[in-house]
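Please see the structure below; I have some questions.
Chain IDs A, B, C, D and E follow the sequence of writing; residue 1 opens each chain.
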């Protein structure tokens, strides 16, 4: 990169203003994490002590070691979360890519209504539908399996994924489809060989958002539809640090940081992709 | 294959003592297996209910005894009658917590009572006699006032969060003033005794920890452990935790209200409920009685730190109390204790009580009005 | 073979009639260009021939067979899109090979065909590049390559050059013309640029608001436009139009009056024209410095010196259009200095009140008449 | 493209898997909920039709208050999310060193399991041991502990702020993307004409972001309306019901008190309100968006 | 006043030198056009003058004052962008008023100014519309309107017409030329279209790979290109180049040999040229049917009939470039039939091995010499 364009040259006071703004913004975003991190460093006996001291006395990373001991299955929970999120993401993509293409390309009677209906699904939180869903899961025979968490997870992530990808695909020139059609390619062939590769950045964004949505969102379904400890995902696993009398706060926080680390790393490498992929899908002027 | 008894077990992991006795029972009953499913405290009762409602009940679940009536009325659980002998083995009043319509609906497995803890250092600082705990509400309020005014530190810790134990804490006050919420099928809450309790809440608020409605009892306990509250009412767990702090503390029976006829406390038990239609009800009852029989239960509840009070008298308990006199007020109170009121819709009852307490401690309503309103609401839940 | 017939072809969008009973016959091997202003229905007609848009009414026949209900690939056509519609993720080779891959052609034959096409189009060295790395002209050739390999009976082009800059456009025009002679395939070409139409077509179809305004060889349209619309549309800079009065008609032509000057325009006369206001058309390139059968003194407001030519623009009245004259490159002329220009009566066009032309008795001996017979 | 029968069939084939999936997993339980709302379903084994009794019961109670509170809560939360998110996007859009890192640092609230994020806020709000109360005391701004979740008004705002915190990363990301979609030459033209940074923001960036803002606020509205975990974990709707929103009330009725019929009726109402609200919102904002904002 | 001086202006991107020590003087009121192929640095230079890009080295002076460190608005320039950069959410009125709003001009004066600009640009009826509803030409005028109201000393245009279609481009060219005469402001105009350059410029600056290849009035570049690059770039169709051998040099010119024919090209000779291979340049429009000082029989592969002119393309050898001749519109000519063409020696250009021109002794009496002095 060369030096920034002239228009983006900042005077010293503008720079101070921008960094102050960023600092303010990030303070808000990160303050709870700072608090959580400080909690994770404090010995349990010193956690509940006032007056408030920002820097923990006798702070140590002990909790980051003991968390593995007191909840031996924690690694498994992270693995489960990864597994579930990965499968959810794959299934969502399999379902959403064709539908988004159909919505982006074909106008037929009821297509607008159907799209609206998909969006309406977003209006229901899983919490409200828990009991009927439970009955359904039971009749599908997927209780207490990974699928108990995957199946409903997918359903509630489909609408926003369709919406995002459809916007992206509408920006792919229609001539590409038509050219393939003239050359004798079937619709399916066109979709697979022409549209899919071009829509890859958009698909990547959808994949990332779906993955994260499912990584953090697995709580209520996992709780109700699965009873097997070995299948539990991370959010439930974190509840293992709640004892009968005492919440082991320092280990809980340590475990949270360890648990989100993989996703943070993924985001770190993909953030540029994420922003630009969204740009392409952003509302057109 | 083996027959299975599924058990929703609240907590983070199975207690080693339970684990040991499950093995033992399985050894004695070949062909049977006990399958505990560990569910966090916050969700385990809801989960048991959801499973039962959805038609796939577990064989057995750990529930608050106060829910037994609701479950029974909706035919979700089966009765677990006790023999006279069994009843006798418990401390007095305990069996009442799982009894209605003349039969028992669960096997008590956990039990707690409360006593007053006070911080002798703060008493000293405030010019109070560190060795004299308050005996009455009036004293309690006066001491709290003195502590607050002399030291600037809260004299009392009152929990009033939107949480089940807000109702429990209040029931302790009701029972130490000879009050009652429900008598048979009649709501008798709108009485001078209960009103006095509510008024006492209002009176002690100014000297209590700021923001009562933000804390439940464990959070208040943490504040006490930090030396930032003069007095709290709490269970056995606090004693265990206090031993690790530098605080000089004492424990005494709960102070009494003006109408008290004698000591009093609320007896809270959790029980093992046996769900209907699991197909293994008989065997589940058998197991439930085994795991709560004096041997295993005694070992379980006296581990200390778990915050439990023993369910049954035994030489072991006497020994224990001798070794650690702080247990004495907790166990002595049992004799005067009353059960949690049993409602058909206990959640409705609990919410009404919490709302009543909160409206008084936040100054939103006068005790008289709040009480009248709550008493009216309770009618629909009985 | 690649012979196309349109019979009373109509297209409606809702109740709006975009194309009005189009009748057209395209011979095998002919290069036909559709021209017309924006929105006149050129693309729509082409897309209907391709099978991308549905035909509302009428028949489309290719080699005598009705194809209305056939999908594009079964019609034996290939289309080159204005935007080229290259697949950005595929190499040039794969782009060209695409239609062959669809029909699962064996690898060697496919390779041979693609390379043959690449040779014709001078794309040999680019085969392994992605379209993003190519210049506009190269992209255009890739798009053509993709059409060539299918060996269609009819090529359809929708404004393929409009994204290129002027110089490149000129080059590509020539290459397309060569390609046509090489492949001897029927080509139908849409443009709104009349220079392209003039230079490439065997025959031009001028469309105006969904109707065919005139069909004919380029120079026929240039010399004998059937109406004001075609006269104005064909030729660049566009023809100047002057209001004149009809003084009389004879076998020799029509005598008109323009600002007091009279002239006899050699056209086939019609009866009952005397006194009517007609429109006189004169192309800028037929205006000369000095006197003529009609003379006009103009004050150029803008003079464009193109080197070979000089174009002068003048305003004739308050709110009338620009009057434009194309003069030799070395003419002595300055803005704001009046200059006298002359027009030969033989160069003039004449139109009636409805804008229909009086047929010119044009002296075409020095025009290569062979051009009027594209099959020759 | 012409509406050919074959293409319509193809479109449906493409849509079918997703449509079927969502129908089975969401629509079916939805219908179930709708049916349930006309029964007295509860823990009892038998359920009876009760007609519209559940709905009548809702409106006889304090539900009106809950509705108003829900709308106020949602409106504030969405508005603050949009303001902070846009502000953040603007800051992160500035071409300053470290920008990539800062962008990554905005993501954690989105990635962290919601419950954990909320626990951390719970810690911050704690009057005795929490950061906010502690800092305020250390700086001498308050003289005793302040329990933010204890008082109706502070709890109301505390839950809003936590909700904002969880929603801000998505808004920021989306607004950032939309900002980058604005052609650079518009800014250069304005700069050439002498417009300063703030003026450019006010006259170009902001108006051009309006469509994106409408879309985003719409989506965030739906999510916020249904925001459950935050309030449930922080206050359970208390104190005194001051943070009880429709979804909390519904959950408490249906799952807490096991009154499935009444809970279902509340769920149906939420959907109806949300739909009406969304349509109205869309109408109004679109009218606004079509005028020039000066 | 609007006088611009560039002194040894350089621009680096990293270590890549995009502009190489540019020296240029633009007089007040002059219309200067930068032309050159894509990527030669035109936009970069313009943006440096505007103050949008930084100047790596050298000085930019406006009215004698160094402006390198001033922001655009303080330089007294206004810029019209290739993409127009209209604010899509504002009406035409607000778009034009934007610079005045920035400087907080009172409402009535602002209104008067905007309406005055709208009148000049015939936008009166469009003032309340949004740019999205306008045609390309109208948008372009709005962009100009926004520049006009600021009354800048110097207007900068970056390929403002390249998004328009051919017809509109021709119209806008004329309007821009009129505007220049009306406002009498200095204008600097970037394009890669040499027709635009020729028709609009008082003076053309031809850029090639970051260097100025030649500066001069349009017809000077046309008649006396300084090198092969300018010769090929200016003029359309482009000049034909033929390899010739130098036979001798005299005061009268250089005698060359082309395929056995000799001719004396009237240029100022240089010493030591005999035997060297030179390049002969001849413009297509200077080729005639029949014999000339040099004669060449060509077989046209493509014949473009433009109406007024006919352009014939032929290939001279295996892999040599197209040879192009522009002949009268009515010439009798067919593809694939050989025809004899002739060239006048006086029309020829001659370049040495390095591509530098020998100065022509061109007979310019019939060219309007006033054109070489734009201030006149």
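Couple of notes before you dig in:
Throughout what follows, contacts are C-beta pairs under 8 Å (C-beta built on N, C-alpha and C of every residue); 3 or more make two chains touch, one makes a residue touch a chain.
Owing to the predicted nature of the structure, the values given are computational and were not obtained by experimental measurement.
Minimum number of contact steps separating subunit B from subunit E: 2.
No other pair of chains has as many C-beta pairs in contact as A-D.
Subunit D and subunit E have CA centres that are 58 Å apart. Centre-to-centre, using mean CA coordinates, subunit A is 40 Å away from subunit B. Looking at subunit C, residues 52 sit in touch with two or more other chains. Among all residues of subunit D, those that touch two or more other chains are 1, 3, 128-129, 145, 188, 191, 208, 255, 260.
Shared interface positions of subunit B, i.e. residues touching 2 or more other chains, are given as 50, 53, 222-223, 226, 228. Against subunit E, the residues of subunit A that register as touching in their complex are 2-3, 5-7, 285. Taken in their complex, subunit D has these residues touching subunit B: 42-45, 125-129, 144-152, 155, 235-241, 252, 255-258, 260. On the side of subunit E, the complex with subunit A involves touching residues 13-14, 51-54, 71, 88. Every residue of subunit B that touches subunit D in the complex is listed here, in rising order: 46, 49-50, 52-53, 70-71, 74-76, 152, 160-163, 209-215, 219, 222-223, 226, 228, 345, 347-348, 351, 354-355, 358-359, 362, 364. Of all the residues in subunit A, the ones that touch subunit C in their complex are 173, 175-176, 178-185, 189, 194, 197-198, 200.
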